[in-house]
Structure formats: structure tokens, C-alpha cells
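All chains are identified by letter, namely A, B and C, in their written order; residue positions are counted from 1 within each chain.
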Amino acid sequence: MSPQHGSQPIQHQFNPYSDNGGTLLGIAGEDFAILASDTRQSVDYSINTRLSHKIKVISPPVTKEMKLESTDIVGTKNSVLFGTNGFSADGDALTKAFEENWKWYVHDQNSNVETGFEFLNENNEEKESFMSMQSAARNVQHLLYGKRFFPYYVHTILAGLDEEGKGCVYSFDPVGSYEREQCRVGGAGASLIMPFLDNQVNFKNQYIPGTNSTERRKIEYLSLDECLKLVKDAFTSVTERHITVGDGLEIFIIDKNGVRSEYHALKKD
Amino acid sequence: MNHDPYSWGRPSDAMYGQYNNAIANAPNTLEHHSSGSNFNENTTRPIVTGTSVIAIKYKTGVVIAADNLASYGSLLRFQGIERLHKVGKTTVVGISGDVSDMQHLLTILDQLEMENNYDNDEYSDNVDELQPSYIFEYLANLMYHRRSKMNPLWNALIVSGVDSKTGKPFLEYVNLLGVKYASPSIATGFGSHLAIPLLRKLADSEEEAAELTLEQAKKGIKDSMKVLFYRDTRSSKNYSLAVIDKDTGIAYDNNVDVEDMSWKFAKDITGYGTQRV
Amino acid sequence: MAGLSFDNHQRNQFLQSQHNVSVKTTSTGTTIVGIKFDNGVVIAADTRSTQGPIVADKNCEKLHRMSPKIWCAGAGTAADTEAVTQLIGSKLELQQLYSKREPRVVSSLQMLKQHLFKYQGHLGAYLIVAGVDPTGAHLFSCQAHGSTDVGYYQSLGSGSLAAMAVLESEFKMNMTKEEAIKLAADAIEAGIWNDLGSGSNVDICVMEIGKDAELLRNYRTPNVREIKEKSYKFARGTTGILRTEIISEVEIDTSV
């Protein structure tokens, strides 16, 4: 073996990461959840593209009946809204890896039990099953932690409906620590928007007038309409003050009718 | 931000690594490497390089261009290097960055095309013919895989073409980090700073690109190549230009020259401040 | 000691070596340009100022007056561009009073470059100097280390390449004032849209021979913020009063 291999460390000045900017935001409501992101992808001081997609709707097939209900449906109520923000190549790779897992999981869940092995399916149910948000989140943790020492450099947020049909948002750090939350912002605008959401969604620092800061304002679920207003205001505001955020806003909304999406233009400067 | 003007508008260090002046003084063989540290040179920094590739979509296709120069540091090394490559029937891949890595990519793309040909005639399975999106997906995976091994192919690639089934123009970018994106106009390296502002004036969205004529797109690319020749020290006057159109296929000219340059005003400029004559 | 002190520079270097922190300066991320036309010269700038990735000021002024007809567009460290143009501006005025002659653009350029060279690039001022004087209209650029350049069109700042791309493709000799203003504004807009360090509005200053210089503040405003979806007015009392203290007004006898 030649001397260049072995004891000597390989010298590299290659940096395998880059920061592609942008912001990702998730809010859970009572019977819906929202996942939104800007559509700019940038590096350093340049804009790569004004229209990139940081959120993937991972969904079982949308049936014709669902399309009849509403034409703009892009996923079923059993979808996982999967958003990543940070180093876009890792974000894409993570999304793809999860999608693969999701497909196999759903396939395995629904595959027919072989004759003679019916006892594995106690009630011999025919009902179609999907991946719960809880399971999806745990799977993402494994994917992220699996690269603990060469991490996916992304902030990940999942949104969907839990097993009771309630809106839920899960957020992850780059190596897989995660939590279910009412709302979360990831990426460049996180430090600008998160305090705003704490105040407007969880009513932090708000007291009932007349109680002299002794009684906190009671937490209540916000309506979808109210949440969408907050999301739009959050993004137009962060566009004003953060240079890597702008161009467009993509919002995905999941509720019992399925997933639909909205697009709004943001400032391009 | 970095206030040093030398770093403004340069291809980012994160993308191309810090410019190393030792390139011009590099020994020809690895044995002469003075420090005694032996490592794979190509993964650490690019050696012989090609500068920008630029491309824009129009109504029925894509126009793409890249000059024919390969630089060795600041040395003008090879003047007849082809950096636009036809793959399959409706795809052109433009490659900037390290030339040896580019040639490695070409052998891989050759194999890809050959394998596809075996399965794509009337005597065989007649599987799908290669589409731009297939080639891009393959290359993007390859690039990300190599960066994840910390052994990147030091290139930025633009895959352009039209889908032969839908007739839709295709244009996407991927670089040595595996970062990929699609846009109505795309450029690598210096082109992303100098050409993109001009191309975005022509079409800033897919809708606007779908209104562009071939003539407008071609003029935009030619004007951009001129500005790049003016302002990018590692560019050359001679370049290749390819048009991939859904109706007329690939039209390809590997000997275009920058035209209508104006240097006349320079005769009136003397000194750098107070000098009058 | 007269002049600037380097104590803070040494302190900053020490702090950086110890804790890897550095003093953050406000920079005018910036696109600035200057263009000569048949009867004068025009300079222009965007109005975004940044601290890292955060926009510090959405409508700052990067066009500085050094004398009534000599103006300067500044990129780089905001404080330095401001201080250095004010300093040289004062010197020009003193010189004018002493010599009883209108200040010249070449004088201001020479003073700027000598000052900047003395500070070996530690003053992060990148300037486009332009103006009209008894010898005609002039356009120069000046880098932080003290090097200068002459030309019919100039661009500087993080958006300089975007602006230069427009200038290189659209500049022509002997333009009219209106053509020059349009080209300058277009070049700045290229920076605004394509460079993340530049944004908001276009400021322009026109200096025409035989006329007063004209500052066209916010000549173009292509980035007006849309109306918010919601009002964020809190009900009175949402923040409680924890403690009240009343300070009574005191009459102060101001008569001597």
C-alpha cells in the first residue's frame, strides 16, 4: 500500500455545506395545520431562484371524489406536510429519504396478510391505514440522528393531523431532537418571527385588561382565517428585515377535507 | 458582510474554495509535491477550470452558452475545450469548474447514453428514451453522493433541453455540493453575478419565459456573453452556443465570437485621477 | 494625539483572538453607480443598509454632499463613508474660503485617496466621487486602500456586478441628462433585484455644468410595503401597571 494512505489525515479544505436562506413556519389549529415557507433559494448575496419548493406534500393518492369536493386539493387528510430549511441539498435528500420510508411503511401496513397468517391481523380489518404523525416524527428523528456526525444541516418541520384529527406540528433540530408544538418557525427568519408567534398564537405577555398583570390571557384556538393572516403578516414583515427572505410565499393547509395550497407574491428586493 | 471588494461578486469561497495562488506554480507531478502531504488533488481544489455557463428558457426551448477556454490558474491553458455536451436526443449539459472532473462526467454520461441505446430501439424493450429530467436526476444524485463522501466533483452543471414527450422546456442547475434549483434563467460562476441580472430583465418568471421568442432569448445570451468577456478575466471571446427547441431539435454552433464590442472610449481615458494627458 | 485612534482596532483583534467575537459594523451592502453624460455627471444609490443578513435601515441615504456641486456615493462601512466625506467636505470648504475659488473634483479625490491610503484600508470606505467644477464634469471611484479610477461609468458595492452588467450593455457616449438618469436608475435596480445586500429605493444626484446640483431623493420607489392583513393594537390594560410613581412638577427659576 502506498504511503499516502493510512496514518496521515486526508487534507481537505472542502466545505460540504452552504446556507441557502429562507424561512419555514408551521402553526397547528384545532382541526387544521398550516405549513408555510418563502420560495427564494439563495447563496451568499445571490438569489439562485425565486421559485423553489421547501415543502413537500407526502400524500396517499388523491381520489376523484375528493377532487369533486374541491378542485385545488393536492393531498388527502392523511398527508404529511414535510418542510426543510437550511442547506437545500440536505433538505432535498432528507425529504426523499422520508418519502421512501413513508411509501414502504404505508405499503407494508396495507399489504394483504398471507393465508395462514391471519392471526397477525386480529380483526382481519380491511380498513386502509396510513402513517400517523407520531410515527412520521419518530422516523424523521431516526433519519436525522443516523447522520449524527455528518448532520443534515436543516431545520425540519412536519405538519399534519394527529390520530384524533387535531392539527399538529413537529419540529426538529439538525440531529433529530424533536417536539410537538403549537407553532414553530425555522430558518433565517426564526428569531424575528418566533417572538411574534409566541405573542399572537400563545398570547405570551398578554394579560386580561383590568387585572393588572395578574391574570394571563386564556389560550384559545385561533381560526384558520386568523392563522392565515398571521402567516402572511409574519412573512411580509420578515421580508422587510431579512435579506434572504422574499420572492414568494407558499402556504399548505391541511384539514379534514385534505391539503390545499396558496401562493402569494413577496417583495423581490 | 465581507467589506473587502476582492470578495464582492467573486464566486463564493464556499463554492469554489479559496483561490490558491499556488495553482500557477504547481508542480507537474505529485512526487514533487513539496510539503510531503499526499492527498487526492482534485477533491481539494480545481486545477484546470472552465468559467461560466449561462442559459435561458424561451417559448419552445432553451438557449445555452459557454466559452471554449480552459484556464490553469491565471494561465490561458487550452483554447479549444468544449463545455456544452449533447446527451441523448434533446439534452445539452453545460459544465463549468474543473475540466478533468468534467471529462470524468462525460465518460459516465457516455455510458448512460449507451446503456439507454441498448434498450431503446425497435429490437429491444423500447424503454423510455433519455429525457433532460432523467439526466438531471442522475447527475444531481451523483454530485450529492460525491460531496457526501467528501470527494466532490468540482463542477457546477446546467442541464438544459426539452422533454420529447411533453415538449416542455427544461432547465436545472446542480453543483459540487448537490445544491439544485430550477429557474427561467440560470448561470454558473461569474455568470450568476453578471449575466443573471440581464437575463432576469428578459424573463423573471416561468410565465414571462413562456412569452420569449428564440430571437430575444438568443440576443439576451449573446449580450450576456459579451458582458462576461468584458468583465470576467477568465473568459474568452470564442464560445459555443446551443439551442434546444421542441420542434427543430438541437442546433449547435461551437464557434461563435463576441460581436459589436466597444473599446473606443478607452482612448480618452488617461491615468487614474489628476493626470490630464 | 490628533487624528484617529487605533486602540479599538487592537482591542477588537485581541477580543477576536480570545473569544472569536468581533465588533459588528453597519454596512451599506449597496449598489452605487456614476455615469457621465453630455453636459454633466449623475450618481445613484440604493437605500438598503444591513447588519449581516438583517436590514438595519430600509431607506438610508448613501449620497453625500462634499461641496454644493461635488457629491459622493458611498459603499462599505457606513460610519467610514459618512466620516470621510464630511472630513474632506470641511477641508474643501476651508480651501475654498482661503483660495476664493470653487472646489475641484480632483482636489477632493486627491484628499480622499491620501487620507484613505494613510489608514491602509482600515477605513472601509468605497466611494464614487463626482461633480462639476470650473474644469468641467468629472467622475472617479476610490477604493478603501486609496486606489482611484477614472471612467465614463463606474459601479461599486456588493451589487456592483449587477449594475455593471447593465452599464456595459446600455452605456453610450454623449447621452442626454434624461438618458443618463434612466440608465443610472436601471443599473441600481439591477442591484436592488439581484443582490441581497441592496434593496428598497433609488436615490439620484444630477450635477450639470452651469447648474445647481439636484438631489432626487427616492427617485424610484419600487418596493413599497403592502398593507398588513391585521391590526396589532392591544386592548388597553393588556400590559398591567406594576408600580406607579408620581413626580410632581417643580418650578425652576431661570432668571439670573
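We adopt the following convention: a contact is a pair of C-beta atoms (placed from the backbone, for glycine too) under 8 Å apart; a residue touches a chain by one contact, two chains touch by 3 or more.
Given the structure is predicted, the values throughout are model-derived calculations rather than measurements.
Distance from per-chain Cα centroids to the pooled protein Cα centroid is smallest for B.
The most distant chain from chain C, with centres taken as the mean of CA atoms, is A. Separating the centre of chain A from that of chain C, both taken as means of CA atoms, is a distance of 41 Å. Taking each chain's centre as the mean of its C-alpha atoms, chain B lies 36 Å from chain C. In terms of their C-alpha centroids, the spacing between chain A and chain B amounts to 33 Å. Touching of two or more other chains is recorded for residues 44-46, 268 of chain A.
Looking at chain B, residues 1, 193, 196, 204 sit in touch with two or more other chains. Residues of chain C found to touch two or more other chains are 29, 50, 158, 193-194, 197.
The residues of chain C lying in touch with chain B in their complex are 27, 29, 50, 52, 76-77, 106, 109-110, 113, 124, 126, 140, 143-144, 147-152, 156-158, 160-162, 164-166, 168-169, 173, 190, 193-194, 197.
Chain A meets chain B in the complex at residues 2-4, 8, 10-18, 20, 41, 43-46, 48-52, 87-89, 92-93, 150, 268.
Contacts from chain C toward chain A in the complex involve residues 29, 48, 50, 53-55, 58, 158, 192-200, 222-223, 225-226, 228-230, 232, 234-242.
Residues 1, 12, 14-15, 17-18, 37-40, 43-45, 144, 147-148, 150, 152, 173, 177-183, 192-193, 196, 204-206 of chain B are the ones touching chain A in the complex.
Residues of chain B touching chain C in their complex: 1, 3, 5, 8-9, 190, 193-198, 200-201, 204, 223-224, 226-227, 230-231, 265, 269-274.
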